[in-house]
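Shared between the two complexes below is chain A, which has chain B as its partner in the first and chain C in the second.
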Partner chain A sequence: MRAFDYAAPKSLNEAVSLLSRRGDRARVLSGGTDLIVQVREKRRDLDLMVDVKNIPELSEIRYEPAAGLALGASVACSRIYEHPVVSRVYPGLVDAAFLIGGIQIQNRASLGGNLCNASPAADSIPALIAHRAICVIAGPNGGRELPVEQFCVAPGRNALQAGELLVSFRIPAPPPRFGANYIRFIPRNEMDIAVVGCGASLTLREDLKTIAEARVALGAVAPTPLLVAEAASALSGSAFSSESVDRAAIACQAAARPITDMRGTAEYRRHLVGVLTRRALLKAFERAQEAANAR
Partner chain B sequence: MSPTETKQEYQVIGKRPVRHDGVDKVTGRAVYGADVQLPGMLYGKVLRSPHAHARIKSIRTDKAMSLEGVKAVVTAADLPDPEGRTANLGELGDVPLRNLTRNVLASGKVLYQGHAIAAVAATNPHLAEEALDLIEVEYEVLPPVMDVLEAMKKDAPLLHEDLCTMELGKKSDHHSNIASHQTFRRGDVKAGFASADHILEHEYRSATVHQGYIEPHAATAVWSADGQVTLWCTTQGAFSMRAMVHQILGIPVSKLKVIPTEIGGGFGGKIPSYGEPVAALLARKSRRPVKVVMDRTEVFMGTGPTSASYVKLKMGVTRDGRIVAAEAMLAFEGGAYPGAIVGAGGLCLLAPYNIENLVIDMYDVVVNKPKTAAYRAPGAPNAEHATEALIDEFCELLKMDPLEFRLKNASKEGDVQANDVRFPRIGCIETIEAARASDHYRSKLNGPNRGRGVAAGYWMNAGLTSSVMARLNADGTVTLNEGSTDIGGSRTSIAMQLAESFGIRAEDVSPSVVDTDSVGYTEVTGGSRVTFATGYAAYEAGQALRRQVVEQAAKLWKVEPERVLFEGGVLRDLDDAAKKIGLPELAETLAHRGVDIGARITVTPQKVGGVFGVHIADVEVDPGTGKVTILRYTVVQDVGKAIHPSYVEGQMQGGAVQGIGWALNEEYVYNQEGKMLNASFLDYRMPTSLDLPMIETIIVEVPNPGHPYGVRGVGEVPIVPPLATVANAIAHAVSVRLYEVPMSPPRVVKAMLAKK
Partner chain C sequence: MPKRDHAGPPSELDVSRRGFLKGAGAALSSGIVAGAEALEAANRAAAKIIGPGKTPVTLKINGVNKALNIEPRVTLLDALRDELELTGAKRVCDRSSCGACTVIVSGKSVYACSMLAIEAQGKNIETVEGLSVAGKLHPLQQAFVDNDAQQCGYCTPGFVMACKAFLDKNPNPTIEQVRKGLGGNLCRCGTYVGVAEAVLQTAGKKGGRANA
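Up next is the complex of A and B:
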């Protein structure tokens, strides 16, 4: 590994000014589970790692029933699924946080890092999209916000401009009768990267059968994670049934643009999109009913 | 329990003492290959070919050499010219020395991606890595040959321009990637098939798979000013490593000492030399100690996996379920140099069954992949996969219980094998019967997409030469030096055999694996031979110590040795109850008198006991994703005599797990250019502890008459049955047969969709 500089700023201003100064030769270090491996394997060349774990805004978890969740970008996955409220209110996030790497990795890896790494197969991104998460970004020209589904622009590339830093996620409090789920397919049970991932959320009407609103997002089937609007419109206003779910699954298969690589062929991935969409929607539906019944 | 089991009572054998090396290993104190640190040591890194097949037009190292901190750069030009010379590899016979030397550092051509070309020693590993980028190699890229059947075609690009096929023992004159063709033939195959009621034939394929030992290769060398070379390495055979390095470097054996470190797995893959001669060359050039440690990617791309294979098998069976004829063609990839272990595959292919008429053709073929190495029963899993899967189809056809079918055809003592050698006492029938009587096999399996499979397997095991040195200490304990590196808990199993034979407790023996200067010649830890052969040597050492202490007590008491009995740690005069002495007291007395009680034993036991296993698997197939979950798995195996049953069970479980990995997900994935796409444990998917249930074990003991305690090697055969066991279980779960391993989720789905 080539030698590089390391800085650990304590404030957002300090971090933004470091990142602005060093431009694309600097990179943000959170848990390091992607970045350090990339540098070691010479897949990324840099002069400076800016460790953001000492910046309070990036490490906080704050939930208010009205405002929803402010989730710091470098909060480790295990803090998310161990959080008593978050683990109850945001089931899709918990599904994803619990899947990334193994236990040791989950103690380091963060959702912010997972998103900024911009892998098409990242587990947390479809889940964040299903939960309508918004990125809160700090930069030399002040702050801005961006929906997660617009954050990734290409494999390994995100929408951050020079000097910008992902601070946190703003995730609205789910409405009543809401359920979400993230599932992925891997050939083993752990320690693997999604061949296909699917995040889904449903909000039911009071009859607990009709779908008021739906979101379906896919991972590992396009250059960036996909929010499939056609799937949402196939479901919204319909009763939850095998027919409506099939329509959504077919819409997802049509939206997917998978490639063939060592983790799966395009043909197999397209097949899995159908299988996983059905399964994720069913689980989200069950959770929505449970949420309604728990009230 | 088998009828041949002796009623002998053992004091030590069959018990489960704590292993001698256990505490050091679980507390992280044990010294493995990469742990070696010497004053002034440099770090070596190896430059590897990015191409699968290319001519090397030039190598320039001057820029690398001028980088601050770089102390030496070596290439093939630093090695003695191997042309025309032969290397003796002991068990593996004679091979052209060139095949060893050129695999250590390429010259002329690179034959696989990852082929070593040059190496650098620098004051830290990061600098060494940086220096590699400064070595300039000019290649002429050639078309790669990545598949055994493609490589066999007449118009295939040739890896070695001068390679001619050894055709049935005679060198032919046509140039080819086929290094050899051998045949086993018995009876009249044509007549055999004519007498069959059912004939089935299928082609089976297996992918390139790696042993996946957890510890990467590591070697540290010192080349002293007087030409003495000391080499620390993680190897399965210190003596065979010494022999290879001696031949590759052209230095006398007396100038070379190999110190084997603890070893984090080998499974056959830590027999060849890779970084060892390179570390020595760098040490000579830099006049400093040099350590060369591989990373995981280097292990995948630069060291020997096992052969990918093609097996075509045709069998004829009568309507009452007797196999009357078999015809097989096995083509195995040797990798970049000849040496696929296809002969063992051919011998094992049909071994569990007594078949009168058979012909087996075996081909060793070179392709642009790493030179293959042994991997746990090398050749047998891919070969027997075909037999055991095809038998399952016959059982379905005949509506016959698969274990009943196997019993009906089972090999027994006196039956003739494919190589015309008669089986000695074997436990094939006993093993099948034990499987049939098992709780697992008698249990019911319910539920959709679930199925049960069984398969058998055979491995012949090896004997070969082993040495030990044992010495009685002044307190009555014994120090035991052995030459077999310990990859599976063998040092305890060997100490137990000495303890039993001598008549002391296992914990009073202190076993050590020592360097090549400190014990007699010992062949590699391989062929499941160590507990058998090195254990045999330990037995002989125990007997020798016993004779000596009895003689010394007799001398002390001035009586005939026949009157002295050694039992329970005490020597007594049978005719005089007053005369008795504990072993510690006698040992102390002898030490003060300068009497050395010790034994130096070398044995080459011939009567090796081959072993059979039967595996049972229950699986569930996810009909949506094609993922196969193992619900329950049982290994039934003849072990001869279990010296330390925990280690025997561990071998049975570990072998099954590796075989299941091979069956379900493991494979080298290559692109069109012959570049490996999954050279990491992330994408080379071995099963983890989260993927499998606890593997159940049933030990069958049919003692080997060729060993004083009846030992048979146990380590390898458990990797043989899983491929077909899982394939048969999948077939019964979802009525789809897969003929290619791994039976990965995409393949399972594809087969299921094709059937719909």
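Up next is the complex of A and C:
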């Protein structure tokens, strides 16, 4: 592995100043499960690793029923699903955090790192989109916010400008009668990259049948994770039924722009989009009903 | 020698002016360089930038503090194996995939190949070398022996540490939890059944051969 500098700033200001000064020769180190491997395999060149895990804003989990969740960008996956409140209130995030890599990866890897890598197949991104997560970004010109679905701009490329740092996710508190789910297809049980991934969330009306609001996001079928607005409109206002779910699945298949690669053909992926959309919506629906009944 | 464009012999002033300018230029540029270096050094110190050369790093391994002098790029795995001769953790894939380098940091299993040693400062690091006490195997190690949970043995130390972290957190696991909890470790000999039985035996459950 090439030699590099290391810094572990304790504040956002210090981190932004380091990143601004070193430009693209610096890279943020969170869990390191991808970055350290990339540098060792010469797939990424850098002079400085900025370890952000000592910055309070990046490593906190703060939940308030009214404000929702502030989830630090470098919080490890296992802290998410072991958190008593987050694991209950944000089921889609838990699904994703519990299937990224194995336990050793989950003890290090973060959703911030998963997002910043901007892999089209990243497992946590459709789940974050389903939960309406907003990226909180710090930079040399102050802070800004960006919805997760706008953060990835191309495979491996994200919307961060020079000197900017992903600080946390701001995730609204789910309304009553809300359920979410993330599922993916892989040919083995774990430790693999999604052939297709689907994150879905539903909010039901008081009758627990009619869909008030829906969100469906897909992974691994386009250059970036996709929020499928047509699927949401196919569901909103309709009863949850095989017909409305079929409409959403067809909308997702139409929105998908899959490629053929070693993990599957475009045709196979498009088929999977339909299957996974239906399954994720059904699970989200069941969870929304459970959430309503638990109140 | 370049042709002089003025008449008369070269004056002392002329020579010394050349020399002066030459020297002054060198002095000036070295002043800038020294200033930039000093500024950069001050910036690095202010930002607490470490490296790329060797730097003191103290690791607490199996309860004992070890003082090292290593570059920031040295992974925890390389520090254990190359600096401390703790060769239990194995370098197999070296890319966060196989689990042979598994150690426990702050109570959690991690791949030592994808963690910098400098990141592990101030944390409790447990390696397979710390398990047996006074030559007596840890019950989990004994369970690996009892259940033939290794063949070539190369994945075994990582597996043992992954199992220990798993059991510390799940003292009473189901077989499904065991399978899911150990998914981050690969064994090309295919000892998974024996490993799962070793975990169940250690947890005091039926399934392990010693309990059969």
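The definition used in the following text is that the second predicted complex is superposed on the first by the 295 of 295 C-alpha atoms of A that agree within 3 Å, B and C clash if a C-alpha of one lies under 4 Å from a C-alpha of the other, contacts with A are read in each partner's own complex, and residues count from 1 in each chain.
Note that a contact is a pair of C-beta atoms (placed from the backbone, for glycine too) under 8 Å apart; a residue touches a chain by one contact, two chains touch by 3 or more.
Worth saying up front: this structure is predicted, and the values here are computed from it rather than measured.
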First, second, both or neither for A:Ile103, with chain B first and chain C second: second
Touching partner for A:Leu18 - first (chain B), second (chain C), both, neither: second
Touched partner set for A:Tyr268, first chain B, second chain C, both or neither: first
Chain B or chain C, by number of chain A residues touched: C
Partner chain(s) touched by A:Thr33 [first = chain B, second = chain C, both, neither]: second
Partner chain(s) touched by A:Ile193 [first = chain B, second = chain C, both, neither]: first
Touched partner set for A:Arg2, first chain B, second chain C, both or neither: both
Touching partner for A:Arg279 - first (chain B), second (chain C), both, neither: first
Chain B and chain C contact sites that coincide on chain A, given as residue numbers: 1-3, 189-191
In the complex, chain A residues that touch chain C: 1-9, 14, 17-18, 21, 29, 32-34, 36-37, 39-41, 47-49, 51, 53, 78, 101-105, 107-108, 189-191
Chain B partner contacts - residues on chain A that touch it in the complex: 1-3, 185, 187-193, 261-265, 268, 271-272, 275, 279
Footprint of chain A on chain B - complex, ascending: 126, 129-130, 624-625, 627, 664-665, 669, 677-678, 681-683, 685, 687-688, 690-691, 744-746, 749-750, 753
Interface residues, chain C side, partner chain A - complex: 43-44, 47-53, 71-73, 75, 94-97, 99, 102, 108-111, 113-116, 118-119, 162, 165-166, 180-185
